[in-house]
Structure formats: C-alpha cells, structure tokens
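These notes open a run of structures that come right after.
Both complexes shown next keep chain A, but they swap its partner, so chain B is in the first and chain C is in the second.
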Partner chain A sequence: MGSVFLPHLNTGWHVDQAILSEDDRLVVIRFGREEEPDCMIIDEILFSISEKVKNFAAIYLCNLDKVPDFNQMYELDQDRSEPYTIMFFFRNKHMMCDFGTGNNNKLNFMIYDKQELIDIIETIYRGAKKGKGLVVSPKDYSTLRRGG
Partner chain B sequence: MDEDYEKELLADLQGLSDGEELDKDEDLVLNNEQGSTTDSFEQRLHDVIVANSVSNSFQSILNNPNIEEIDDLTSLSRIYPLIPELTAKIEQYANDEETDYLELLSSLSTGMFDQSNEYKFILTVNELSTIINNEISVFVTLIKMQYKIVFPELESLIMNPIDYVRLILIFKQDLKNIKSYELQMKNIISNEKVLVVIMAALHQVSKQFVLSEDDMNKILSCATLVLELEDILHKLSTFISGKLSKFAPNVSAIIGPIATSQLLIATGSLKQLAQTPSCNLPSLGVRDLSSTQKNAPRNIRQTGYLYHSDLVRYLPPDIIRSVMRIVSGKVILAARIDLSKSNPNGESGQKFLEEINVKIEKLLTPPEQTPDKALPVPVEQKSKKRGGKRFRKMKERFQMSELRSAQNKMEFGKEEDTVMDGFGEEIGLGMTKSGGSGRIGQIKVNTNTNARMSKAMIQRLQKQQQDTRQLKQSMFDDDLDSLILNNPSSNKQVGTSKPGEKPKLDLKNKWLGGISKKRLNDSSDDENKDRNKQRKL
Partner chain C sequence: MSRKAFLDQEPPPGYIPGIGRGAVGFVTSVDTFNKGLAVTQAEEDEEEVYDSNGANEEGILATTRQDADDEEADRIYEQIDQRLQSKQKQEITTVEKDNKVNFTDLKRDLARVSEEQWELLPEAGDITRRNKRLRILEQQQQRTYAVPDIIIAGATGAKTNFKSISESRDKLLGSSLDSLLPTTKVDFELENQILNMSGAEQDVKIADINKGRIILTSLRKTEPFKASSWISSARLEEQANNLNQAKSFIKEGCRKVPSNEDIWLENIRLHQSDIKSCKIIIADALGHNRKSEKLWLKAVELENDRNSQKRVIMKALQELPNNPTLWKQIIELEQDSNAVTKLLSKAVELCPQEWDLWTGLVNVSSYQDAKVYLNKARKAIAGDLRVWIAACKLEERENPDIPQQKLVKLISKAISESKQDKEVWFKHAEDSETEGFAGTCKAIIHGYLDSVKHSDFKQLLNDANTMFNSGSTITGNSILQFIINVHPNDIDCWTMLFASVKQSGENLDTLFKFYDRAIELNPKVVLFYLMYAKDLWKLAGDINRARKILVKAQTSLNDQSINLAILKLEMQTGNFDKAESFATDLIEKNPIASDKYWYKYIHILRCLHRDTALQFSNKAKNIFPTSWKLWIQNIQILLYDSNNPKVAREVASQAVKQCANSIPVWKMLSLIDEKYLNVTIRARSDLDMAILQNPKSDELLVAKVQFEIRQQDMIAARQLANKALKLFPNSPSVWMVYLSLIPKMSHRKTSFLDAMKKTENSPIILLGVGVFFWVDGNHQKAKAWFDRALKADRKNGDIWGWSYNYLQKYGSEDEVNKFLSQFEESYDDINTGDRFCSIKKDIKNFDKKPAEILKFVSLCLLNKGVGLQTI
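Moving on, here comes the complex of A and B:
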C-alpha cells in the first residue's frame, strides 16, 4: 500500500536528479521490489513516517528491475537474502552510517519500528549537516541475525 | 381466566365451530362493538381507547390461546369496524374546517378543554394513531408467524412491515413464478431489493411448504386489513396536518403534524407548550406504546414523541441526544411564535428546520483527519553562553576541585594514606598530602565552592545588625533612666545625625517592652560575665 503513495524513481536519470536536487534535505532511497513482502513492510513504514520527516528528509522508492543502472555502483541486488537496500544521500554525497552490521554503506536489514527509522534518519541528517560522511547509528544492529 | 381457558379447551374438544371460539377479552370487545351500534360513534372510539389503556392490544391479541383456529382475523381488530365511520368523520371535519378553526383555536389557546366536537375528535384521533400503529404491528407479526413456513427469508429481507404485506399480497404462495411479478414488485421496493427477493424465493422453491387455501386466505385477509389500517392512519395524519398547519404552523413545520399534535395534547394547549422548558420536551410521551416494542438504544432514555418524530427517528443513535436537544429548543421557540401569531405561514418554522438540518449535517460529518505533524528539523543550536568572567566563575563552582582530583590519584609504589569515615569505611586520601606529581606541599583549597551570599543579602544583614545594636543601646539607656548621664555623647550623635530615627526607636521600645528588656538584662549579664572572664584570663 505504502509504495503507491510514495514517489517512485523510474529511470536512472530520475534517481540522479532526486539526489542532486535536494539542497537541505536528506535523500532516502529505497532500492528493492515492491512485490516482495519484506519490501512491502518497509514501504508501509516509510510511508507512515514520510509525513513526519518531510522537513529534513525526502523519501523515494526505486525498483531494481526497472532501474538496474546502480546495481553495479552500489552493489545492489547481489545478495538474494537482502530484503531491500535503503541508501542515504545529502547534497549529492553518499552518507554512511555505522549500524554495527559491517556494511556502513546501506541499510539492508529489516526494521519494524517507525521510531527507530526516524531516529536513524535524524542522526544521519545531523551528521550530514556537520559535514560528516559517516555517523554512528543510535542503535546497534550487530546482534541481528543476518542471512547469507 | 383459567376457568375460561379450560372452558374453551373443552369447547375445542367438542368441536364447536371456529368462529365462536374467542378469547374472553375479545368477546368483551366484540360485545362492545356489537352493542355499540346504538351508541354514538364518539362513545365507541372512547371505549376503544379505554380498552387499550387497560390492556395492550398487542398482548391481548397474541395471548389468544387458539389464535390459529380463528377464521376471520379481522374480527380481532378493534379499529377495523370503526374505519368507515372514521373516514366519514374525517371528511366531514376536513370540509368544514374553516368554521371550526376559530373555535378550535380559542379552545386550545385559552387552555380550557372546550367541548367543541372537533377538538375532542382531534384528541381521540391522536390517541388512535398510536393504537392503529400498534395494531398494524400486531397483524404483521401474525402474518409473519404464519407466512414464515412459506418464505422465511422475506421478513429479514424486507424490514418495512407495509412493504412486506404488500409483497405477500402480490405473489402469495407462487414462489415458482415469482419472476412474472417483477414489475409489480418494482412499484413497491427498489430494483436491487426485487432482485434479492426473487433470488431468495427461487432458492426457497424446492423446500417450500404450500399452505392450504384456507390458511392462505386468512393471511391475505389479514394483509388487506393491515393495508386498510395503514390507509386510515395516513388519512388521519393528513387530516391532522391540515388542521395543525393552520393552528401551529411553525411547530408543525419543524417536527411534522403528528408529533405537533402529540406535543400539544400532552401539554394541554399551545400556550402551555410555549411555556414548557425545552429540556422537558423530549420526555413528553415517554411511556407511549411504541417505545415498549421497539427496543430503543440504551443510552437514550427519553424515547418520547420527539424521539419518534420523523426528524429524529432515522438518525444514528449516538447523535440523537444532541439532536433532540437542538430540536426541542427550536420547537419551543416556534411554539412561542405560533402563540403570538406573528408568523402564520410557518416561515420561521421552515427557517428553524433548515438550521436544525445544517446542525444535524454537521453532527453527522465524521471528524476531520489531521495529518501527522511533521517533526522539526533537528538543528543543533550553539549555546548562547560563550565565556566571560562571570560564566567562568560559575563553571568553576561546579568543577571538580583540585583536592578531590588529587584524592583520586595514587602515587606509584607508595602506600596510600587512609582515614575511616563515620560508617567505618576506609577512604583513601590519594595524593592529597603530597600535592600532585613532582610538587611537594599542600594543595590550595578551592575557594570557588564556598557558600556565597548576594550583595543585597549582605547589606540587609548588616543593616539588621546595626539596628539591633542601636536598639540594645537605647533600651539599656531607658532602663537606667539616665540617657544623658550614662552616655551623652552617643545619644547626641544619634539625635543629630539621624533625627528621623529617634521616634522609631522609641516606638519599638514601647512595643517590645518586657521581653527585650529581659533579654537585654540577660545579655548585659552575659557581657558582664564575659568581661569577668576576660579579666580572669
């Protein structure tokens, strides 16, 4: 449901523009496939928080099948156990976040709590505003069981 | 009653003809009706109303033990025999309303129960409407009870009793060919409903129980009776509305003629209705018969005439209370307008109705959905305090003192000095004695953490001390009665330097006489002792 209401990025050009166009907001892009259940869950959560975080973050969705351009660059769709990949950008710069999972480049594990996701976005925004490229996630996700 | 019942059972066994087997109650009523051919029409109407007040027709008819045996169900109706006369009467009064209108008006507005025939007729008609309503529901239940075996689903599909009866009259038992009645049915109910009924009927055909000709005829006669009752009820309401639209145009514009007449009769007159507080209006007619049958929602206590008026009845229960409050307020206002006859066309009533409808509309609209409030941008503002002497002092006050930090350090390779505190705990002193690395000597105690007083406080305390000193002095002087002799110079000084203060002190002396004197004596004793001590030392 949530994926219907959030803006979709249909081509690579759209993705680039979305990242480039935002001047003072964090750009959050979810790469994944709407038809998969895990992705549906995160879409729902993203939709429900999109109104709350709209002052400091813009949330976009991108289907991996429609836009395969970034699969190489961002190492998307390499791991079948990955439910989806959420990436953060600020002023055309990729923001990294230390979730404790070993991959600081992206958020690629299940999150079921809205507030946790809001906190992560907020932390990354704070760091980005200070000019940092890497921030530490407010919660450590290293204890999550990760497949693969 | 029991005996009667037994007798009837016996009669049953003896195989008497069905028509004679009537319940005792019914016998009474029938006797009344048969005997009343000589009585006046009004008398018979009155009898019916009285009988109804004694026993609810619903109960008396359904309690009839051998109801299935009765051939002619129309004989159970109390109203049915009166119908022709009633219609005649209505037409008569409806025609000559012009002449009676003034009479009616005067009779109602004076509050006196005038013996005008028409007024009495209106009163009885009002009572009758509830009775007729009641009878309709009784006969519909009778029909339902009997028709159930033919087409049980119909009563749940068609909730309106009159529509239900009409449908039965149309297709009777002929469920198989129900499609051929489609056009006729469409006149009564909506197309979708027709479709549903036809589907259900065709489904029912296979297990249908076909009633005998006699039984079916009974149902049909019952059905025609219901329709006739409905017809007379309609006539009555149009009659009353015709009357009341002239009499209380504004009130009837709001709640309709039937409810208007009910309210008028419940209060007695238009004047009294106008004087009734609006909060009392919903409770008028609460114990009417219709409310005992329909189970009203629990949260609405006041199921009176207003509750059953068309304006309120079909609303969802959660807003009925507030709607009734709004309506009753407007009704009373309209009644006052009617009483003053300032608006005979009912325009203000219409206006009130519009207002009420707007308010109902507002009550019915669901609450607005408020979207999630966006969180504020998480901007970290730098603190406004950056430095300065005062701020540094303030920060120093909360810093760890040098002594404390020295206590936390330990010298390498030496045993630590310890003390025992009040709880018997051993507390290490760390490097407090040696005074930090390489430096020998005592560490300066941090003076920043000392207790402080504001300048104002210091001044206040100083002044107080001064005052008490002066007080002591003057008291001391008073006591000895030798101001000049004892200490002339100081007294002079006080007198010359502060002339305003002298009387103040005197006042104090007066008021604080005993105690302070005593204290002064004590203190002087103390002073003496001190002096003695000092001398000894």
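Moving on, here comes the complex of A and C:
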C-alpha cells in the first residue's frame, strides 16, 4: 500500500496547480477511484516507479468522486469499462500519445509491467521536450485492448 | 521528492477548475462534435434541455415567441463570430507573412538537410541519464571474471557453500540494522552466530569484525548484566589479536556479572599463559560462586601437584558433598588402597545413585563386603541391571564352579526388574565375555532369551553371526545353543544354523559339534547325515570320518540317498574297488530297490572296463524297462564299448517304444542312424516321429535344426528355426540356434536384445552372446558377457569352460589359479551345460580331476563352438 505516499489532489484547483507547478517535468495524473481493484493495482505500479522517474516526471493521484470538475472536459468517468485514466501534461499542455487504441488523449487500459509504463512516460517526456504534442507509444496496445 | 506547497493550501473561493489555467477539452474519434470550452458546453446543454421541456409544456404560441427571440440572438452571435473570424484571419495572415519574409532563406537551406542529418540532430540533454545507463549496462555485460581455483576444486569434491555465506552475511547485516533500532531485544541468533561460526564463515566474520564490534557494543550497553555479550566481545577482540582489549572487556564483565561461571572460565582462558594470575582469578571466582562445579574442577586443573589438587577437591567437596565427579576425581588421585576404600564408602553414602562409585567399591572390597555393598546398591538404584550383572560376575569370580542355574537366576531377577532392549543385553553379554566372565555371559543370554520367548530364530541367527564376526564366540555360541534348545526338531532352523556357522568363519569343530548335536536330537533326518558327511569331506578333508558317519547312517536308516552318497564318496576319492563291492552288495541284497543303483553299478563296471557291464545292463533294463537312463546306458555300451552300432540301433528302437516321452532316447536313435549308419533319411524321420510324439519339446526341435545344419540344408534349418521360435518364444536354446543361423554379426546384434528380453536374461543367452563376440574376435567384450553369464548361473559347466578359455588366453597365472580354485569349490554343484555333462559322464574321464575336465571342456568348446551349431 505504498501508493498512499503519492500526492493526492483533492480539488480541481489542486489539479490545476499540480499541472502548472512543473517547469521541466512531465505531470502524470491518474484519475480514478482507489477503492476499485484495477485502480489499486496501477496505483501500486505508479508508486513503485515514482522514484525511478522522479527526474523527469511527477505523479499525482486524483479521486473522481472528490473532483468531478474535469469529467466533462476530459471525458472522464463516462465509460464503465474504463478502469482508470492516466493523463500527461507538460508545461500546462496536454500531451497525447498514440497507443494504438484509438484514443490518443489518455492511457485508459490496464498495464501490468512497470518497465512498460516507465518507457511510455519517458517517451512522452522526450517528445514534450522536443515540442511535440503527440508521440507514438513504444508499444502498440491495440491487440491488448481488443483481447481484453 | 519534496512535497509541493500548493498541496497543503486551500483553493481560492469561486475558482473554476480547468478554465483557471486556460485548459480546453479534446475531441476523440468516438464523438466528433466540438465541445469548445468545457464550461460553455455545459451551459448550452442545460439550455437545450430547458428548451425541449418548454416546448412540450407551453405549446405552439410559446414556440413562436421563442423563435423571434432566438432569431435575434442568433443574428447577434453570427455577427460577433464573423467579426472574430475576420480579426483572427487578419492576425494569422500578418504573422505568416512576417515569418515568410524573415526566414525564407533559412527555409530554403533546410531542403539541403539530408535524412541522416535529421536523425543525427542531438537530443536535448541526457536528463534521464539514458545514455549513461546504456553505457554502464554495456560495460557490465562485457565484463568477465576469472573463476577462482577454489570453485573449480570445489566442483569435484566438497562444495563451497556460497548460499550459507551470503545468508549469514544477510542475517548479520539484517541484525545489525535491527540493533541500531532502539530496541532492548537481545539478538541471540547473532550472538550464536558470532560464537559458532567456523570454516568459510570465519572469513566473512573477519571481514565483518568491525560490524561485530558495533553490534556488541550496543549489546553491552543494552544488557550489561548479560554474560554472553561480554564473552563474545572478548572473543571478538581476541580473534582480532587485540588481547589487551579482550582482557579488559572480560575483566569488566567479571565485575558486572560475578555470579556467572562461564565468564570466569573465559577470563581464566584468556590468562592461560600466566598461571599465577589464573589462580588469583579462580580464587576470586570461587569467592563469588562457591557452588560451581565447573569452577572447582578448573581450580583442580590449575594445581599441578597431586597433594594440592587433593586439597582443592577436599575444599570443593565441603561445598558440594553430593557431586559424583568430584568424588571420582579424588578417588582417582588417591593411591593408598585403604584410603580409597574409605573414600568410596563415603562417596556411595553421599551419592547413592552413582553406579561407577558402587562398582569401584565392590571391586576393592572382599567377597562378603562386596555382597553387602551390592545389596545396598540394589536398594539405592532400584531397577539397574548393572547391579545384577555385577553380582553375577562377583559370584563367578569368587566361585569359579558355581552352577549355571544360579547365575541365570540372578540374571532373570535383573530382567524382571528392568526392561531393556535386546541390544543392551547383548552388549552386556559381550562386555562380560571380554572381561573373562564366560558364565555371566552365558547366563545373560539365556536369561534374557528365556524371558522374552524369542521365536524368530532368523533374527537370532543374524545376531549370533554378528557376535562371531566381532569376536564374541561365547556369546554367539550361547545364542545358538538357545536356538537349539527352543527348536530341537526344526530342520529348517538347523540348516540355517549350519549355514550361518559356516558363514561366520568359526572353526570347524564348532560346526561339527552342532552337527553331532543335531543328529543326536534328530536321528531320523537323513539330510543332517548327508550334510555332515559332505562338510567333513569337503571342508575338513576327513574322508574316514565322513565314511563312518555315512555307514552309521546307512545301518540305522538305509536310505537311498545315503547309499548314493557313499558311492559318490568312494568314486570321487578314488576307491573304485570299494565302490564296486558296495554297489554289488546293494544290488544283490535287493535288485529291484532302485534303478539308480543299477545305473551306478553299471557305470562303475564300465569305468573299470569289466566285461560284465553289458550283461548287467541287459539285466537291469529288463528289471526296469521304463528307465530311459538304463536304456541309454545300454546303447552307449553297445556303441562305444563294443562298437556294435547295428545292435545299438535295434536296442534304441526298442527303447523309444518303451520310453516314448524320453527325448534323449529319441535323439540317441537319430544320432545312431545319422552318424554310425549314415542313413540320413531315417535319422530325419526319427526326429519327426519324436516331435510328433512330443510336441511340447523345444529340445527336439533344436535337435532337428542342428541336424539340418549338419546336412548343410541351411534354408530348411532357418525355416525350422523360425517355426520353433514361434512355438517356443521363451526357450533360450531355440533362440541360440536361431541366432546362430543369422549370417551377419551386425544383424545378430539387434536380435540379442530380443532374445534377452524374451528369455529374461537367461544365462545361456548371455553365454551365447559372449561366444558370438568371441567368434567375432572381440574377446574383451566376450569376457564381459561370460562374466555376466557366470554370475547368473554358476552351475553351468560350459560357462566355466568359456571363461577358462578367456583366462588361458589373456589372464595371468594368478588369475587362472584363482579361477581353478573357484571352479573346484563349486564343482559339485555344476550339473548343467551340454558339453560339460557329456565330458564329465564319459567313462574315459571317470578318474579325471575337476581341473582336467575343465580343460577338456574348454578345448572342446573352442573346437566346436566356432561353428556354434552345437550350443
């Protein structure tokens, strides 16, 4: 249960501040509900990699029940089959990533491998540093999506 | 990662999330309509809902009013939009124009940038340290290590236990971490580890000596009144060659925990080199611990002359009067026998439970006193069998001619008092024997075995055997004696007993004594006489005694096997005349008793070249017309002795009529036709007739195949062999003849496996495989197969013959001699092997020694075996 040590964002203002507070790092925000098992799993993974990616990414957690403000804007909590949503921001810019799933705006599928997640974050960071708004994920998750 | 300040702040009132930082939503491919600003979108949605509701409620009128309003609003919005758009366009176009003007030349240059150059554009700073990481990874992969010799050496023999090393290190580190935490828990594991480490772990320990110091310091601080931490500190320092520090630690420890004897002992150990200071320390220690046995013993050890040692023990005994160790020591030191007696009597008074003291006392006192003491001891330590055994020994020592019953009585009392295992009793019996108390030894065995009513004589025989092996003859004998007493008429028991006595390597007199006893108890059992005579003859070489035994048996029992045994004995020892007269006697007395007498008698006559052989043979076969052996003998006499094949043939044809089921007779008939009269057609028909009458005989089929081979008709032979194999898939002889018909060695090899599987590794097949290899020139391999065959069947003379062949060619003289002696040893049991039997029974060889027969056999095998047809 190390994920409790990750910073939680309790209001919409906190979310905005988190996105604005970083100048040189990627901001990774997980929107979801901690009481759901899938969400718990990803939280643990995020916590376990947080130390490794701390040089180029900051990870935050946000409970959708506490902060419904972005549901509309970011299409959160619309699809019941979505376990959680991870979104990436760099200097107040929403970073997109082509996972091959059809939705480039967010990461909303289960991922169990820590290294894969690190790779995704790093790829997005690299793209962001070069000024790109959309990067291609190191791995294609389309089959995964369809299978699962 | 430092915690951002905003996380702990309150949001400002009225803040609208998202808008505050100018965020916009996005469009997914799923729903493509533009959402615009998040908040605006939400308001529009609300309006639409309101609209539809209103329309439903207020009807057409309302709609029109609304439409007018809407139209106006729409118009205004449209105007605004248009204005905005035109403004935006203007801006964009101006900016674009500027850019175009400013960078046109540079942009043209970009056309010249090649694809590779694009690729080579540098990354922005290695902030994730990816490059460095990759470099390090690469370096690590390229690194190689030289394997230390110790690992290579360890791979062959004792293994270095890396796991234990790393485990212990982990434990040590883990516990050092624990000890740094402010807990009062003393880590016993760690202590023990430091104290008990040895060998390879020692290295780790030395490496971690500094860590150990830290841990022990904290231990000493947390529990200053615990001796073990002081002792281990001192030991650690001692190990690090820091003797002064060690001494100061232990001194402090002694001051802190003076009541602990271990810490004092450790102190003395550290001062070992200096006896004087040792004495001071021990005096100090004893001052604190007056009741410590260990410290007193140490004090005694530190004294070097006998008197002062005694003095110290005396002092010690004042403190600890009930300590048997101290008593024993002082008795050991005392030289005057009177004083010893006195000391012992005092000692047993104070320590009545100590048996050693009692034995000492009994041993030094006179018979009468000893008796008294033993009684006392019995009361003091009730249920100890040693008291009774000692009493037994005492009785035996004082009255050497005491009746055995009395000793047994004593022992049975002991047995009733204390229940002990068989091993314990046997051990005591053995001990008594080595001490020279044979009576006691016997008494223990009998008493014990009587009490448990042991009926498993096999187990007892084993026990007796082990006794003999360890040299305890009397004990072993007593066990056997007991077995005989319990099972005087059990033949199985007797035979096993004989076997075990023979095996145990005891001298033969014991064995013969048992034989005498067996015959005495069972005068009607023929087997004992036979075994006795055989062992006398073979093991002791005492032919006269053997003969006497047999004659005695014959007069009392008149059994057939005894008569035959007498004949055999006489024949094999060379007394042919005696044998003849004995056989004549037998036949004249009772001519219809057994065909075997006749057979033997005629055999003797043939061996001695008497002319009467044929006459007697004819007579015999008239008396026993169904005995095929007599028929064959008759035919053999006619064939070999008097060279009369025609008459032999006639007799043979009569014989097959009388004994239609006797295969040898049929074979004989066919052989006469083939070999002596050269009528092959008749020979073949003889065999066919035989097979017709005896369809179950594989032997006849084999004979037929061999016959065809001799006639050079290989095709017929092969066909016959195949047929035979189908009829008798498990017959080794059929397999052999089948294998011999396979022309190529390489083809045969595949069939060997089948043959062995079908015949379940029959020794004949094993031998056959060996012979094939021999013929093939692979003599070493052949030898391996011969050995295998010989191991499987020691009764087959042919196998012996082949092995002898090999040894003659390749073995050293020693090996040949050893082989011959082995052969002679088992000569009597060898009764199979076609070639061997025919040579052994040949009357020409009746007086040959076993070794000579073996030579004949091996030669014959070599000559014939190459053809393989005769196997």
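Going forward, the second predicted complex is superposed on the first by the 143 of 148 C-alpha atoms of A that agree within 3 Å, B and C clash if a C-alpha of one lies under 4 Å from a C-alpha of the other, contacts with A are read in each partner's own complex, and residues count from 1 in each chain.
Assume contacts are C-beta pairs under 8 Å (C-beta built on N, C-alpha and C of every residue); 3 or more make two chains touch, one makes a residue touch a chain.
All of these numbers come straight from a predicted model, not from anything done at the bench.
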Original post:
chain B versus chain C on the shared chain A, clash or fit?
Top reply: clash
Subject >> Touching partner for A:13 - first (chain B), second (chain C), both, neither >> reply: second
Original post:
So, A:47: does it touch chain B (first), chain C (second), both, or neither?
Top reply: neither
Original post:
Does the superposition put A:129 against chain B (first), chain C (second), both, or neither?
Top reply: both
**OP:** With the two complexes superposed on chain A, say which partner A:72 touches: chain B (first), chain C (second), both, or neither.
**Re:** second
**OP:** Could you look at A:55 and tell me whether it touches chain B, chain C, both or neither (first, second, both, neither)?
**Re:** both
Original post:
More residues of chain A are touched by which partner: chain B or chain C?
Top reply: C
**OP:** Could you say whether A:103 touches chain B, chain C, both of them, or neither, answering first, second, both or neither?
**Re:** second
**OP:** Could you point to the stretch of chain C, among 39-47, 345-353, 705-713 or 831-839, that collides with chain B in the superposition?
**Re:** 345-353
Original post:
Can you pull the chain A residues that chain B and chain C both touch?
Top reply: 51, 54-56, 122, 125-126, 129
Original post:
Which positions of chain C touch chain A when the two form their complex?
Top reply: 1, 3-4, 6-7, 11-12, 15-18, 20-26, 28-30, 35, 38, 41-42, 123-124, 127-130
Original post:
So in the complex, which bits of chain A are touching chain B?
Top reply: 48, 51-56, 118, 122, 125-126, 129
Subject >> Touch list for chain B against partner chain A, complex >> reply: 371-380
Original post:
Can you list the residues on chain A that touch chain C in the complex?
Top reply: 7, 9, 11-21, 24, 50-51, 54-56, 58, 67, 69-70, 72-75, 92, 94, 96, 102-103, 105, 122, 125-126, 129-130
